[in-house]
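Comments concern the structure below.
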Amino acid sequence: MRVGMLTSGGDCQSLNATMRGVAKTLYNLLHDDVEIIGFIEGYKGLIYSDYKIMKPKDFSGILTEGGTILGTSRQPFKLMRTPDANGLDKVKAMKDNYKRLGLDCLVVLGGNGSQKTSNLLREEGLNVIGLPKTIDNDLWGTDVTFGFQSAINLATQTIDCIHTTAASHGRVFIVEIMGHKVGWLTLHAGIAGGADIILLPEIPYDINKVADALKKREKEGKRFSIIAVAEGAISKEQAAMSKKEYKKYVEERPYPSVAYEVGDQVKKLTGQEVRVAVPGHMQRGGEPCPYDRVLSTRLGAAAGKMIVKGEFGYLVGMKNNEITKVPLEDVAGKLKMVSPDSSMVKEAKLLGISFGD
Amino acid sequence: MRVGMLTSGGDCQSLNATMRGVAKTLYNLLHDDVEIIGFIEGYKGLIYSDYKIMKPKDFSGILTEGGTILGTSRQPFKLMRTPDANGLDKVKAMKDNYKRLGLDCLVVLGGNGSQKTSNLLREEGLNVIGLPKTIDNDLWGTDVTFGFQSAINLATQTIDCIHTTAASHGRVFIVEIMGHKVGWLTLHAGIAGGADIILLPEIPYDINKVADALKKREKEGKRFSIIAVAEGAISKEQAAMSKKEYKKYVEERPYPSVAYEVGDQVKKLTGQEVRVAVPGHMQRGGEPCPYDRVLSTRLGAAAGKMIVKGEFGYLVGMKNNEITKVPLEDVAGKLKMVSPDSSMVKEAKLLGISFGD
Amino acid sequence: MRVGMLTSGGDCQSLNATMRGVAKTLYNLLHDDVEIIGFIEGYKGLIYSDYKIMKPKDFSGILTEGGTILGTSRQPFKLMRTPDANGLDKVKAMKDNYKRLGLDCLVVLGGNGSQKTSNLLREEGLNVIGLPKTIDNDLWGTDVTFGFQSAINLATQTIDCIHTTAASHGRVFIVEIMGHKVGWLTLHAGIAGGADIILLPEIPYDINKVADALKKREKEGKRFSIIAVAEGAISKEQAAMSKKEYKKYVEERPYPSVAYEVGDQVKKLTGQEVRVAVPGHMQRGGEPCPYDRVLSTRLGAAAGKMIVKGEFGYLVGMKNNEITKVPLEDVAGKLKMVSPDSSMVKEAKLLGISFGD
Amino acid sequence: MRVGMLTSGGDCQSLNATMRGVAKTLYNLLHDDVEIIGFIEGYKGLIYSDYKIMKPKDFSGILTEGGTILGTSRQPFKLMRTPDANGLDKVKAMKDNYKRLGLDCLVVLGGNGSQKTSNLLREEGLNVIGLPKTIDNDLWGTDVTFGFQSAINLATQTIDCIHTTAASHGRVFIVEIMGHKVGWLTLHAGIAGGADIILLPEIPYDINKVADALKKREKEGKRFSIIAVAEGAISKEQAAMSKKEYKKYVEERPYPSVAYEVGDQVKKLTGQEVRVAVPGHMQRGGEPCPYDRVLSTRLGAAAGKMIVKGEFGYLVGMKNNEITKVPLEDVAGKLKMVSPDSSMVKEAKLLGISFGD
């Protein structure tokens, strides 16, 4: 049996742990009757036939390693049907390489965009299994994605560290947290870090309400405030813009990112001293936390077993702490967002956390 | 409104975060119309009227603090109906103090034993709300308990560190992991730490099978092996003993704990060099991890809201990532154990992890 | 005996550990014969008589706590001789409060600016002892300052995390590291984090040489590069500007900080994909690392002993791993900078690290 | 040029970082004119000609990796002159292999025992450079050894975690800390972790004084106490035994290690509840801390430069924060111990820490 494997899109923690889970299960069940082909830098490796024949020892000792031993790259789904610079038909190339290499299936560790492509390959007749990779937790069909909890830990640590300096000095601190177009990471890290205000893409903010919340805290004698702002957070005005208008707005604003914009605005509205921290890509790096390692190991084992049983065309996810198989066609193109009416948002509001709405 | 609060039994991470969640919610909803009474060292404080009137600032800055600001102690349930050394009727004393202090309800952060007592108080007519505290995760009626994930993180870190030295030297390492009479902590930390063999109370081990697994690894050229053994793990022979026989056996064996016993046995059976690590109570200490802080904050907010609405007699838990209320009478006296047939154990076996069974 | 104590300037880790060291030593040597007065928010508390009589238990359990239990504020030295908004003579006020409270001495935990003021108070006849606080390590008269190693750890962790994502994607990453006008923090964290290029205030960079170093790495097949840039780093052109010109330049450039400027420039010069991370104040927060706790405890014990012996007018520092006492007049107004010819810079260059010079 | 390299004795953190420092410097200075031979599992690899020709990429990405990529083993110095089971003359074999492989020098990362052997090889005419590896910090000729600070961090974390549970419950906790026959690790971790009592091999304890210190704390209202005990700690009675008597004593006592013995004794003498934690080998594992990585990189760079300049026969160490070269003959056979009269011990006593003496 020959199994192809690739990691696609933005990297995150626990990619290696997941691949190890799949591989160890395959080796344990099939011994010498399985060979794993690792494609280099995601779909690029499959398109251009850049791969490596993996050995059991390649998967040894990688449970705790950050990044991906295969490398990754972004290959936008919307360009998949467009020939490359040399006129190569990418989809055909992937199918040809799959066949030429005698693959029985392809395991794709990827997020939203990557699973759209994996569904396309499924439609083209390939045997595909998807595994839910992303710190954004925005993948439809699974409660959690691997990388998410590790990123929460790092984002929370940043807020924790800023907490002690904020408390000592009496200032407003704004921490910009990753998460692409959704607020999962900011919501969790904001609550875990004890943020006073949390701004999410799903709940457009009114900057005056943000300023009011800061002034109220000051009036209550609280010497400092912490705002956790998602990199994709938008104001009510911005939310009302067309996509094109918003794009233009972002390009023209004199700030590298939203945290600096919010910072300047609340400074003007409240007169309080403001500092900004943008930990950036560090949130997707470093070693996976134990939660993610258990998740990855379980998902990997389940995927390994499905390969042996010949069950293809699914994303392997986690639903209510049990493995779930969701047809890739049901996953592709959907985005799992934070609901403003979710119990978790409501519980945060019960504590007095402001969402600026 | 007057709300009593206490932390009971063995301490764990996130006790303070949970109390903060309850308190912040109450202050946010009721402002000056609520007063919180904190009992010192668990039920002892309620029995002997040792308490402190809490202020909002007492709950400030404790989200990340380990331990419990109220202190804790073990007050075995089976002795609750027995008068103390001075002839005091403890249950009556608790009821009297509850009434004398004008309490509207009592919030009990505790594990299995403590919730038996909280149910007893409920039966006696008090308004009680339970919150699921324990690193052991053995509480019936909730998927997870706070403290559990933080303890997994510390136990896993111990295994991680031992991994590098094991790999460098080529040895067998045995790490003894807490968890009282159940294997949840060892199962999770063992998988997260990449243990080769996992020994749990729920799956009695055959020491010869453990030795065989070690010898098999050696034969395959693997230079080292890691055994994660639960402090409550037992062999098949021990499992066959009566409770009394087993107690006598433990008292008489020349080892302070099970890891040393397993260590000696596999040394004799395999001839391999063996080292033992017993990180002990460090696993229940230190600051709560972000996962636990989110969990504690949500549970605390839910409990706060229930108090305001007058819903009593429940353990507040988490079921499928949503808050759940379970009648205390359904929780008391039950133990949530790892099922040997659970999907998680099966997934671990798929990877080749041995449970010595 | 009455001892005043204050923490002044930007906060850092290990302030509490240091105060604990002083206090525990005083209580241990003098028992009830000593009383400690804690001034709130640094010199502000001394000027406006805002203080708290400390108890032994105030210093208990704070060894690992970030921030400062006394609060801090910046009171610029150059304004000390200027009356405040109400015409108050600040220096006179400090002297008066010192006498009125019957203080035998004043312990000042502070950095460069704060120790200038402590020297001024010494000149005015007060008994002062300085303790070297700063993550910048720029204090003259001591090999190390407390806070420095803790900040190195956090800055290094940021680089570590970015390393795995950089390696997976093949990109240039720029991490902006604190340190005010000196490069100690960036030099240490850069080496510890395996940065390829390190830019320091003390070694003005030539952006073309930075770009050359990046291109060389790309040519050698290295898929990514990491630049550690000090927040005070400057180019050769900027170093040639007058102070006024440079200030104007910084105000007018369309970047919130140097990392974004360097980022834009190398992107243009190399065509490589660039990402920026600015962890900011998180570097001065969180709990002190064990190295700092030992340092703080030793410095605090030495200061406590000096108080009992009546030795005043010194900064207590560490020289060659032994306590040293340096007259405050020798410390005030001096800045300890990284020498471009220091052995550590040379050793870094031996490894192939570029400083862009 | 051909450079041999090996890691010998008990492993520790930062072995890989040190080798990387040497290798990167050699490649940077000599480019293709250098080849590094890595011997497998320490001197064993040199004796039995088990080696690997290293490539630059072997040293890439290992700065943060725990353990050693070459493996290690203990080859006791006192058996070096004894032929092996097959009659092989080990010293001759090492010399022969050195010559046969055309080595210009041999770099030995090792502790006390290993550097005795490296000195022996020097006496036999080989070009040797030693690098100071050990978590014990007992190597003569250098202020610090790599691994030491990383081990302090882990041992301190264990004490930290135990602190919160100790404080919540009111108990005596004993943490056994590594360090072989010296007390450096326990002294530093004990101070950093806020231990109340510290027991070191260099300061034999009187168990009654230990018990007195515990009782005094209890009398002062302190609810808990923490004892940091070095694995090599001994009582005054044990210190008075002959080496043979002591060995017999240890073999016959019903405890796996000293912490359990002290635990039982203080329990009997004070009646207080006692718990024991033995984190064991985890203290030498995991990734090196930034302090060690800087130290290792500097030592490695210095060693690389010395190799190029042809300076052999030295241990490369750190003295007053600068690189120092100490003749191997001055290092071999000496042990750097904690002096009971050192300023650090005195400073700890100033704070009220008891050493049981």
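Note that the chains take the letters A, B, C and D in the order they are written out, and that residue 1 is the start of every chain.
We take it that contacts are C-beta pairs under 8 Å (C-beta built on N, C-alpha and C of every residue); 3 or more make two chains touch, one makes a residue touch a chain.
As the structure is a prediction and not an experimental result, all values here were calculated from the model.
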Q: Chains touching chain A and chain C alike, please list them.
A: none
Q.
Using only Cα atoms to place each chain's centre, name the chain farthest from chain B.
A. C
Q | Between chain D and chain B, distance of the C-alpha-averaged centres to the nearest whole Å | A | 35
Q: Starting from the mean Cα coordinates of chain A and chain D, work out the distance between those two points in Å.
A: 41
Q. Once you find the CA centre of chain C and the CA centre of chain D, what distance in Å lies between them?
A. 31
Q: Any chance you could list the residues of chain D touching two or more other chains?
A: 160, 163, 167
Q: All pairs of touching chains, please: list them by chain label.
A: A-B, A-C, B-D, C-D
Q.
Using the touch definition from the top, list the residues of chain A that touch chain B in their complex.
A. 21, 24-25, 27-29, 61, 63-64, 143, 149, 152-153, 156, 160, 163, 167, 188-189, 191-194, 289-291, 293-294, 297-298, 300-302, 304-305, 320-323, 343-344, 347-348, 350-352
Q) Given the complex with chain D, which residues does chain B contribute to the contact? A) 7, 10-11, 13, 15, 65-68, 71-73, 154, 157-158, 160-170, 173, 223, 254-256, 260, 275-286
